[in-house]
Amino acid sequence: MAEKNLLQAIHEGLAEEMRADERVMVMGEDVGRAGGVFRVTQGLQEEFGPARVLDTPLAESLIAGAAIGLSVNGMRPVAEIQFADFIPPAFDQIVNEAARFYYRSNGAWNVPITVRAPYGVVPGGALYHSQSVEAWFCNTPGLKVVAPTFPADAKALLKSAIRDPNPVLFLEHKRTYRLIKEEVPENGEHEVPLGKARIHREGTDLTVVSYGLMLYTTLQVAQKLSEEHGIEAEVVEPRTLYPLDKETILDSARKTGKFLVVSEANLTGSVSGEIAALVAREAFEWLDGPVMRLGAPDVPAAAFAKPMMDFFVPGREKIESAMLELARY
Amino acid sequence: MATPVTMPQLGESVTEGTIARWLKAEGDEVEKDEPLAEVDTDKVNAELPSPVAGRIEKLLVSEGTTVDVGSEILLVATDGDESGPVEAQPREDVASGPPTEEFPAADTEAQPAVTNGGEKQRAVAEARSDGDGQGTVETAETLRLQRSSPVVRRLAAEHGVDISEVSGTGTGGRVTKKDIESHIEEREAAPAAAKAPAPSGTPSERVTVYEGDQIVELTSIRRAIANRMALSKREAPHAWSMVEADVSGLVALRERTKDEFAEREGVKLTYLPFIVGAVIDGLKEHPVLNSVWDGDRIVLRKQINIGVAVDLEEGALIVPVIRDADELNTLGLARKIDEVVSKARNRGLSPDDVSGGTFTVNNPGALGSVVSTPIINYPQAAILSAEAIVKRPVVVDDAIAIRSMMNLEVSFDHRVLDGGVALRFLTAVKKRLEAYGPESDIG
Amino acid sequence: MAVEGTRARHEALGLDGDDLLKIYRYMLLARRTDERMWILNRQGKAAFVISCQGQEAAQVGTAYNLSPGYDYVYPYYRDFGITTFLGQTPRDHFLSLLGKREDPNSGGRQMPGHFSSRDLRIVTSSAPVGVQYPQAVGSALAFKMRGEDGVVLACGGEASTSQGDWHEAMNFAGVHDLPVIFLIENNVYAISVPTALQVAGSIAKRAEGYGFPGHEIDGNDVLAVYETARRAVERARRGEGPTLIEAKTYRLTAHSSDDDDRRYREREEIEEWRLKDPITRFEKYLMENGLLDEEKKEALEAEIKGEVAEASDYAEQAPFADPEDALRGVYAEEG
């Protein structure tokens, strides 16, 4: 085992799957010769060649569509959209096509593709390199949406996604690419199935669900609240955003009676709303406080200038204040 | 003065950079814009031009090391006075951890708390309460107090508890899950007492309301007090005794020491710690006043947990408890009293803070009372009132003297104890207080 | 019109009498099936019909070059001629038309014309126009990566070439010399919008911009279609790259049963094109080459009529899928 960051773990996951299965291939802009703008695919073309690590033209709809076509003719493509902000041109192919192939053909054609994209606010990213896009996809039956935060999970989930016979959207928070490091097991020792959440921290006073950079911050805040106030938060990461691991989330909500979702996506219409509705309905009798959410304001994404960008993302203080108030309700 | 140079952001969404190679060594002179190092990042490999002219004082990072954008990488000694911190970084610095931000009001749902008094929250609550205008307008605050939350209602139903009987430590006085759970636990521990039905509730016959009369709806705390008082008087046959104490010595002591004490300890020195200390001594000598009636027996409590009655401004009364008060000296008591009174006033008490009391001390003297007949804090056996200290003409050694006098009274449950021991207790307390002189030690 | 002096025309193309009669039969079967669909619609039995009438030559002529079940096909909703050649039967078409459980395309989940068959390698079709093209070039790339000689046929109307997806796919095909044939059936109208408002310049010539050959042909001349398509398929199998075929033809019916084409075109125009009906033209060629006479024709028509009638009846009697079936099959299971 070695310590890896998120980026390295994803790289390792890709490399291992490509070695194990010659049908697995990577495609996208700059993934081959340059190794990807974040260097996730660095070295893969040297090992597997320019056909299996393919530099595509600048055409997101083509990238997703061709991935579909490859996958129905025997390949297992892992397509990369360079930034999640650029996913809209591929939306039709992902949502109308990939997600619906199996159902509309009455089970004749399945689309075993993985579409990877980095998301999330990063300094200097501004409107088109910072977006959270999961809300657009998390009500698409036939599609799976995964957003792991920690390296070992990400590697394991990527492998599961690649092996899944369904199309999987795999979202990576770019701010956490290098920020989060941990021991990452070799080949297959750590397996994470799609559709399973993870409890990072057990507690009895409130449940906080989060993912991405917000999860990382929330865990730090939870530690602080424990040390300074004796408040024990249970922190749950969905890992798969669609379909949700409802059981784990509800078990936690029923255990603590207080529930908060922290995400950096625009609040209205977000995945956190779906989670909140689920809890409000299914855990109602156990609730000892209103179901709460923290998110970004309903403005078109984080600005370039740092003060405005900082205003956009729920920060440590805001998370702490929300958790404290809820714990004391 | 050395100017620090930091790792710049060499590309959007770049968060760190690696010093591939230093182009200058410590001690070298450097011109403005002259390259200092070769830097590698995710996106770009570039030379780093110096933002200032001067002499390289110290390289802070070795070649091959990766640092966050914004980290200091070297120090340049500039000539003459410092012209100010390095300002030439073209991009914004990046904090090394997640940024801390202000809390923008618009991006979360309305917070539940009302006690922080935000205009917005009140407005939200009022807006929500603008219903169809029929019957009483129910605000979020009212509902919160009456109906609390689903789990609390469920527990209340399961255990036959009236939520209004439970004092709440949650937002706005809300009964929380913990509050009702404690209540149920306590009730189970003192079964005989708790089964009495709540006397307050919607009466079958209302009084006539005349024009100009004002209706005051009961808060949960008022309701709880009403119930407890009625229960106490109903269950315990109250008897009462009073003594006078000459506390001139104590007054002088306090006068002499209070300023120094406040400065040294950071806590105001009132008479209450002395009174509580004397009460504790009295209880140790006469433990039957630190007990509970248990139907067919009396349970003498080992712990001495003194409740201190605190009058809250809104016409509510709460009794925070100082647990194991006998382990504290006067200073400790002073501190603890100060702490619980503040907490009480700030509505920061938890269920633990108001439970487990074995004896209560009431201080109506602070409000000018000279005689009062307190109601026992049921299911305790007795309660002491300390009255105002008043200068009076009294007879000392057959001559008239002006002394500071304080009345002390005890109300007690006559099932548990009789007047004799009550008076012996009172006398012990009185003697303890009278023993203080201007030169006494404050323990 | 390549009819006179062409006795050897089909032979020059390597087709014998059998082939021609097969081609003819496929075209006729598609047409008669199609006609019956309209009748069912006008009888209120079928909610929606979308037609291939007039385009049979462009479709069958091209498809006849393929290896069914080996090559990949991405048809569009008019391609009854292609799917019939590949192996779908009139029964299949009617079951699909009526949305019955045995519908091979989708079990009744999709509208008619959304073809799909794993066995026949017809990739499930969609409604958004043009989405098939990027998918098609992806499938073509897979063949190339494995060094196989399979080809991909991707079909659409002229309007589909207005979509970004078509251009992205054409470009990609050109960059990688993919074994794909783009068959554009230019039938003059995209619902009501004529080519003059749809297409700038020439569709066929766009291929040159993408680095490969494009051919504009008479899409109603089945042998011309066959010839062009054969060259394209052979080229692709040899690994030489893509071809664009713009088959000029005409949509004899309205866009669909929900379209009233009297709003945008004259009956005279339709009648003019009916004179150039590809089936009639081919009949003439067959007769002139002694492969068909009135007797044979009537026999064939009767046979087809019987087949179509039986198929239609079967489909009408066939059950729908259970309502709860709607919940099944959202995700493929492992393995």
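Residue numbering begins at 1 within each chain, and the chains themselves are lettered A, B and C in the order written.
Everything that follows uses one rule, which is that a residue touches a chain if its C-beta (ideal position, glycine included) is under 8 Å from a C-beta of that chain, and two chains touch if they have at least 3 such contacts.
Note that this is a predicted model, so its numbers are computed, not measured.
A linear topology is adopted by the chain contact network, the touching chains following one after another without closure. The chain occupying the central position, as judged from C-alpha centroids, is A. Here the CA centre of chain A is 41 Å from the CA centre of chain B. Centre-to-centre, using mean CA coordinates, chain B is 80 Å away from chain C. Counting only residues that touch two or more partner chains, chain C has none. The part of chain A that touches chain B in the complex is made up of residues 37-39, 122-126, 129, 174-175, 178-179, 213, 216-217, 220, 257, 267, 284-290, 292-298, 305-306, 309-311, 313-318, 321-322, 325-326, 328-329.
Only residues 9, 11-16, 42-43, 69, 91-94, 97-104, 106-109, 111-113, 149-152, 154, 170-171, 174, 176-177 of chain B touch chain A when the two sit together in their complex. Only residues 25, 51-52, 56-57, 59, 61-62, 64-75, 77, 89, 92-93, 96-97, 100-110, 112, 141-142, 144, 163-166 of chain A touch chain C when the two sit together in their complex. The touching residues of chain C, when paired with chain A in their complex, are 72, 103, 105-107, 109-110, 114, 116-118, 123-124, 126, 128, 131, 133-143, 145-146, 150, 152, 164-165, 168-169, 171-172, 175, 329-335.
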